[in-house]
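Per-chain residue numbering starts at 1, and chain names A, B, C and D are given in the order in which the chains are listed.
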Amino acid sequence: VIAPVRIALIGAGRIGHVHLRSILSHPETCELAVVVDPYQPAIDDIRESFGVDQTSTDLAAVFDDPTIEGVVIAASTETHASSIMEAARSGKAAFCEKPIALDLEATDTALAAVAAAGTMLQIGFQRRFDTGYARAKADIVEGRLGNIEMVRDAMRDPAPPPPTYLAKSGGLFRDMTIHNFDCVRWLKGDDPVEVFAMASALTGDEIRDIGDVDTSVITMKFPDGSLASIENSRRSGFGYDVRTEVFGSEGAMLIGESRQTSVRWLDGKGVHEDHRYFFIERFAPAYEKELLSFVSNIRSGNQPVVTGADGRAAMVLAVAAEESLKRRQPVNPVDVASFAHTEAAHAQS
Amino acid sequence: VIAPVRIALIGAGRIGHVHLRSILSHPETCELAVVVDPYQPAIDDIRESFGVDQTSTDLAAVFDDPTIEGVVIAASTETHASSIMEAARSGKAAFCEKPIALDLEATDTALAAVAAAGTMLQIGFQRRFDTGYARAKADIVEGRLGNIEMVRDAMRDPAPPPPTYLAKSGGLFRDMTIHNFDCVRWLKGDDPVEVFAMASALTGDEIRDIGDVDTSVITMKFPDGSLASIENSRRSGFGYDVRTEVFGSEGAMLIGESRQTSVRWLDGKGVHEDHRYFFIERFAPAYEKELLSFVSNIRSGNQPVVTGADGRAAMVLAVAAEESLKRRQPVNPVDVASFAHTEAAHAQS
Amino acid sequence: VIAPVRIALIGAGRIGHVHLRSILSHPETCELAVVVDPYQPAIDDIRESFGVDQTSTDLAAVFDDPTIEGVVIAASTETHASSIMEAARSGKAAFCEKPIALDLEATDTALAAVAAAGTMLQIGFQRRFDTGYARAKADIVEGRLGNIEMVRDAMRDPAPPPPTYLAKSGGLFRDMTIHNFDCVRWLKGDDPVEVFAMASALTGDEIRDIGDVDTSVITMKFPDGSLASIENSRRSGFGYDVRTEVFGSEGAMLIGESRQTSVRWLDGKGVHEDHRYFFIERFAPAYEKELLSFVSNIRSGNQPVVTGADGRAAMVLAVAAEESLKRRQPVNPVDVASFAHTEAAHAQS
Amino acid sequence: VIAPVRIALIGAGRIGHVHLRSILSHPETCELAVVVDPYQPAIDDIRESFGVDQTSTDLAAVFDDPTIEGVVIAASTETHASSIMEAARSGKAAFCEKPIALDLEATDTALAAVAAAGTMLQIGFQRRFDTGYARAKADIVEGRLGNIEMVRDAMRDPAPPPPTYLAKSGGLFRDMTIHNFDCVRWLKGDDPVEVFAMASALTGDEIRDIGDVDTSVITMKFPDGSLASIENSRRSGFGYDVRTEVFGSEGAMLIGESRQTSVRWLDGKGVHEDHRYFFIERFAPAYEKELLSFVSNIRSGNQPVVTGADGRAAMVLAVAAEESLKRRQPVNPVDVASFAHTEAAHAQS
């Protein structure tokens, strides 16, 4: 029997709970070393809700413990980069929720630290572990659709996050669209050469007042001429919307799933279904697979399915989209972020 | 009993057959005066397939007959404008398949003739008569979705038309996207102030060689900041694709229907449905309603649901999209077509 | 050009309107000779709504006219058998709505007259002309499902018919289930050897007071051991329900279609679709195909897709189901109706 | 913090694995005491696959350990009753997979032991914990459908189990239909007064040779006249089929879900989805909720959602169905099992 991997969890909030459950559910492969969160009530809640004793409010409990092999970073975004760097310096593999950081400079600094240490880093684009998306990607790779000619990726949240979150979110493209950027480039298997963004603030004054947008359509062109569109909204009015359509020369795939239960109601007003309200429900199995993949890669030494370079590339597209919005014209991402790209590549070599 | 309206049909091709069946099916409201097509084999086919004796190869049979009240123009596009003008001059109402003409100048000339004569002109955007689209529009008008914030309109043909058709089609935007332009502006109830087109020729050399495109995503912004995207492809690989999604502040509507029959097959490979292959099957009931609406408007004197101004506006957006493609930047439609617009308005006053 | 078939329509009610539209819509194959209904207001309505002059209140206008080749019998059930016999005697083909008569004796008398005259008789089980059902049957015949092992056929009306209709309907099994009996034996390609009925009157006192039932499940066994179940209700609460499932050794087929339009609404309460309310909407294209098939068979001399023997067999199963309900045990249909069967066979030979 | 409940698992097979994962995943509420299975390779597999050290091949490790509060019985059916009785005698709560035993006598003996000991017993009808079924039941209780007038419950396995399993299964009704009997009586909230079974052996000689059936339709009537039908097959040809339809006076509910992933494929042959193959995938979340409910009830002292009486009632219906099949007529369950029922009631009082 192979010894389970000792994992530390940083961040005892909503998504931290998800990862904690995954860790606890698989004693055959991983063992919880410690949960760290500076906020004592969050720790108290963890102890009560999960029956876990291994907790701390001090990050030293993670990075000073040589028995810990992997770190799951699920704290707020502004701490991601420093935790990634700490993990790299202490020789630990790191799984980090997106984004790596809110700007490319901090992203590149963190990736350079990882590259210098030669440690493993996996980024939390959980869609890639969803059975539907994973199956679609596999089919695309096998050529079932022929050449991929268009991708349409839609994501809508049920309602805008609170103002405190929005203020630190980095804006719609870095906070939300980053998932779509990853998804599209992953499904297409290439990076776009043209990005054009249209966007508005339609949900109320709060988002407009901080200079952000809440509703957007982004179009992209790839080197082979194929196209993509990404739709986002901070407020759907009906729940969490995540649907992707891939069109190839030989057919298409529609990826989507929206029902909360398997019930259809029929009455004098028609037919009714319920709808998932929140992304954590939609992607619960994907989050578990994602965490298990991280643990498995630590043991096997395999490359993660989602690398730091993937996390960076999605951020480059977010920056390009912002630039397009500012200039009101299409932008080639390499014009926006080429230098940093080279620097990161250098650091990693 | 009110006497039926005497209708002439110009054009005995595929879509002419559809309209002929609608006319013959409703003797209570309309009566076929004559079918005209200069191509004798098409006329022979009509006589055989429909058991119709009232045929001619000469347009004079239409415009010289004072008993004819309405003309259905279903011949090839390059003849539309002159038939519209002939109808106007002879005081007959005209139903004309889209587009009015392949350029704005000819469009405006035709519309000016109609305006001068004070006759009625209805344009063949049949989607507006589809029960699904009509219901969606009614719900939008009643406010069921709140403010309309995004529209996504996708249309794909199963396979590209033959080269002879393509050469005279006016290009993807004037020939195909024109349906989507009409649909989006109708559902939104407004005209966009910004149009941006990305497009490629991906289906083979034929379309590229004539300087046309076959795959496109067009994004548009409206005065209130709301957005729209239109996806087109000349070749889906799976059949005729027409789906529209409307997102409002209070919910969304998805309009679409793809099954040819009501059968689902389940076997060891999964679950299977069939898919409509062609637009005429998809919109068969809409074509019939459209024709009946035209006839009904002749008798009642009501305004048509789709006016010449609607046909022109969709063409303006097509021209704006072409301009955007050429300039590689977003275009305000009024910069492209404002003068002609004024002229037409003048002619109609 | 072949001359169109001259058709008379008997019965100017709801379903008569449907057939009249089909006749009028296809001048290439049929020509309306006359519409007969003894009820003058119904005739007046036809003249107004369809612009038809060829009307009469006297059946002699049908049977005394030697130019009439086919008769469409869409009057009330108690007149079916006599019209069938009149048609046979005057050498005319007949299309008759189900059932042929409300009892087996009258059915056999009518069939004997047809057999003696050697004329054609087609019964109005319109499902067989629905694209979904027709496709399913074709696939079954081709062996796509392997051996057919179970059929489930459900039909529910939105609300019970009025008491006057119910009193003359012949009861649930002869009036409504007869469609399902035909459908199941047609899909299976065989007649059952065992019929068991469970039924109740649940919708209110009216149906119970006349000794009828409104809710039933009938199970049947075929000679090869395969099974079928039929569900009926006079009151669904949500619209017209017609769905059939066929299970074979190699897979299954689900036949069903319920949406009125192609719209899905998404809002804070979930996802909503509309639902067809009435069978005439659901089967509109099938009714048209059914009528065209009748006309086509007159010209070609082909056997009808639905014969008088089919109409009789479904009635036998209805009688067997009633007998099962009475005895509270399963019944072999041949025990109930074998003598009459022989008689009819004799008459037809 | 409340101490977690110490749970023993008896049976390290397929369904044992499912329950083991649930236990391990929730350290806040339960703690694995021991996994017992007499088959050493099964134990070895558990140790390797789950990283669990607490294992034994001796049942004494369960019943002699006073710290164990709950026992999960997931071993083969013939051991269920004795383990239930052992658990009762040692004062432990028991969760037992269906059925309690293969005959009513053994069932009653086991239930009497539980009643005498006053311990808790929960039976493994996992559907009741499925979000769809649970939601449907809640809606029924709240009256959303009005009076329940018909239930249709279909369950099909992808392929027959191996002959060794079949020989000890107790037959189709006790092994498979027992789930449907529980589901229907639970949704209806009542027990039927009439049960009629039609069944055949169609999948091959193996099942026929042991006197069993593999394809059946069972109809039932309830005291208020409402009806139910249950369809079963050991071999669907397409995967695991579980769908339930509930019809009430005010509408209906369709419960079902069949897709393995969220992908729809569109190509030249139509539209394709995948289909769940196995019940464990379909009900994975329900199994977890079921186990957590058991643990929670131990701590709270609440009655289980599925009682021993429920397990027994489903078995009574299975026996009644067998009797109906033998007699070829409908059977009132109380005629079959009333005496035993009284005895059990006596023992429990």
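We take it that a contact is a pair of C-beta atoms (placed from the backbone, for glycine too) under 8 Å apart; a residue touches a chain by one contact, two chains touch by 3 or more.
Quantities reported herein were computed from a predicted structural model and do not represent experimental measurements.
Novice: Can you give me the shortest step count from chain A to chain C, moving only between touching chains?
Specialist: The least step count works out to 1.
Novice: From the C-alpha centres, identify the chain that is farthest from chain C.
Specialist: A
Novice: Indicate the whole-number Å distance between the mean C-alpha point of chain A and the mean C-alpha point of chain B.
Specialist: The answer is 42 Å.
Novice: Mind checking the centre-to-centre distance between chain A and chain D? Centres are C-alpha means, answer in whole Å.
Specialist: Centres of chain A and chain D (C-alpha means) sit 39 Å apart.
Novice: Quick one: report the Å distance separating chain B from chain D, using the average Cα coordinate of each chain.
Specialist: It comes to 58 Å between the two C-alpha centres.
Novice: Going through chain B residue by residue, note those that touch at least 2 other chains and give them in order.
Specialist: In chain B, the residues touching two or more other chains are 236-238, 250-252, 259, 266-268, 274.
Novice: For a test of understanding, state which residues of chain C touch chain D in their complex under the given definition.
Specialist: 145-147, 149-150, 152, 154, 156, 194, 196, 198-203, 215-217, 219-221, 225-229, 231, 233, 235-238, 241, 247-252, 328-330
Novice: Okay, in this complex, where on chain C does chain A touch?
Specialist: Touching chain A from chain C are residues 236-239, 258-259, 266-275.
Novice: Spell out the residues on chain B that touch chain C in their complex, using ranges where they run on.
Specialist: Answer in residue numbers: 1, 4, 21, 24-29, 47-52, 130-132, 135-136, 139, 144, 250-257, 259-268, 274.
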